[in-house]
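Pasting a structure below so you can have a look.
As written, the chain order gives the labels A, B and C, with residue 1 at the start of each chain.
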């Protein structure tokens, strides 16, 4: 299987600190991959490099066979890399429908119509509501809807269940499972239950580098990972 | 006058210009650096200092020295108080939002300028120097007072550096500048620091004007030029870097002083403003500054 | 017909009828207000809708002003030709400035625009031989009476000026209304609300900002050219920092991000200053106080506050 996403020697330094250090990473198409690791491991920095929000200090990123290292963020979105923000970043003063509409018209095109995206996440009844008045959990769902409207080939979810109730988390997991066939998913998560349920493979990062990679069972058994991070699952 | 002595005269003029500019810019650098806000009315605080100097000098008839001393103390205090009031009443209410502060201080600029026009009138006001002492160089005579201004300015800059680097007050200011939230976590009353810094910045500008006004006359429109020049200095020297501001002031003041002796000032101003613009475009934190956290 | 459209037409009608109801002085002042409201409307596109605060728009206004003035007096252009020339220069200058200035963000952008504008102003003074500095260029009456599409247009006649200004203003506000409701307008608002997010949705934010700045600058230049041709005067004060602050103030007062706010703000401020000038020669004091009060208590301006509290449909 050809890899959808590939990085070679990807690094990002801030002053003297290497937030991401020389990372080689491959992600096959169609997979659900989770990235886990302690705080400060470089997870968000890593996906920000992939999404184009940050420029790398060195290294190479390849998407669908083409190098995108120098490509600005908006072009990557047009190619099908959708990023949902760790800190909810919707347009509070626009309606829910307008938010998704903006996403639909910005991205690759050919994505599902906005109503369909809203229906996928269960927000279709709230299309006319001002996005800023949504409950927090619903705002997170709106983020995902906007990601979907971009017709993504790679959907990056940065800590999507943070702040959600258990019921909402369960609903979210169903949503992601439903998406698995259509798009490749890269998921940063702290909630180990969600990770173990959803992920087909897990990448563990620590201090800017990849500590381990493998199936959920393998990772759970890995001693180094347990030492660095896992604790009790 | 032959060229070398002419150059020496230009050098002296440049030093005086640099000294006053460094002092004026210091006030702006403090507010910009610690509070991260742009005070467009900074030049007006300067102008007020000059006006008050003239007024206080008029109040004390006879020899100019007592009036000068009175102005040296009174003007910065008065202007500082006004700045403090502004900070409490306006800046704090808008929560130091960068855009809103610019608009509010533009309004303040107009208010102060026009009040000065109404109260003091539109004519330029001369102020006598506290002492006249002519230094006789072989080629020309030079005002001893101007050299005094340089010395006084240097002394104040050194004092400011000492306060910032060696005292607790300075430490508090530097911590607040570096990381506002961390300062709050340490129990520093950021609001109080801001009020003090804003007042101090204005007071120093007024002080610079008091020193300068015997050389140049006081006029209600005199605030615009120091504002632009201070901006240029602070931006080129780097936001938040007082050392950078001083270095930039020396370079720019010297260049300005020398150029104005030889050339038309307008062209130099054009080049200077364009230079600031391009520095900001290419290096938003200035030459020596650190980007805000 | 939507309420918004109806409101616009009503305002246009009211302005049209006003000329018959007011005296000569008021008519002249209204003409001036309408011409400068075009400037404010242009400014609002960048400030209100895109969220970029420029402190240097006087350079765009002055580009149009001097293009028209120098075009007619020095280059021998007819009034219509000079007008087109001014618009063309407006596009060119705003594109050039935008390409450089937009690389600076936030506060830096404000200062960069201020600096460029100041440099422009000083250049106007430097070439005083041509621009006649503060004294200004006076455009002869003969130039201001011209042939256009077979008709004689006499810009020295108050009625002609008034209606032409009204027409241009209507076009400007109409264009701004259309732009705001278009997809481009929605993207600009998105950029204002959350630039990062907008980029991540696949929009070329830099290009949209440049487009907004060019539109804004060109409208400002159009206003400047109209001003020169109608009032026969192009002086350096119109290129000074004051004239960069004015559209900001007018837009803030009337309501940023509303289509009619700039017009309202310009009209109100003009009237205020006019009344104040009668009382004191420190009329800028009114401007200063207005700015401070606006920022403190009515950051959304009159129409903006109205829209927020009661009239949500206000365009």
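We adopt the following convention: a contact is a pair of C-beta atoms (placed from the backbone, for glycine too) under 8 Å apart; a residue touches a chain by one contact, two chains touch by 3 or more.
As the structure is a prediction and not an experimental result, all values here were calculated from the model.
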Of B-C and A-C, whichever chain pair has more C-beta contact pairs: B-C
Chain whose averaged C-alpha position falls nearest the assembly-wide average: C
Centre-to-centre distance between chain B and chain A (centres being mean Cα positions), rounded to whole Å: 50
CA centroid of chain B to CA centroid of chain C, Å: 34
Cα-centroid distance, chain A relative to chain C, in whole angstrom: 44
In the complex, chain C residues that touch chain B: 53, 55, 100-101, 103-108, 110-112, 115-116, 118-119, 122-123, 125-126, 241, 245, 248, 252, 280-285, 287-292, 294-296, 299
Chain C-touching residues of chain A, taken from the complex the two chains share: 51, 53, 72-75, 77-78, 82-83, 85, 89-94, 98, 102-103, 105-108, 146, 150
Of all residues in chain C, those that touch chain A in their complex: 183, 186-187, 189-190, 193-194, 196-205
In the complex with chain C, residue positions of chain B that touch it: 38, 90, 93-94, 98-100, 102-104, 106-115, 117-118, 224, 228, 231, 235, 266-267, 269-270, 273-274, 276-278, 280-282, 284
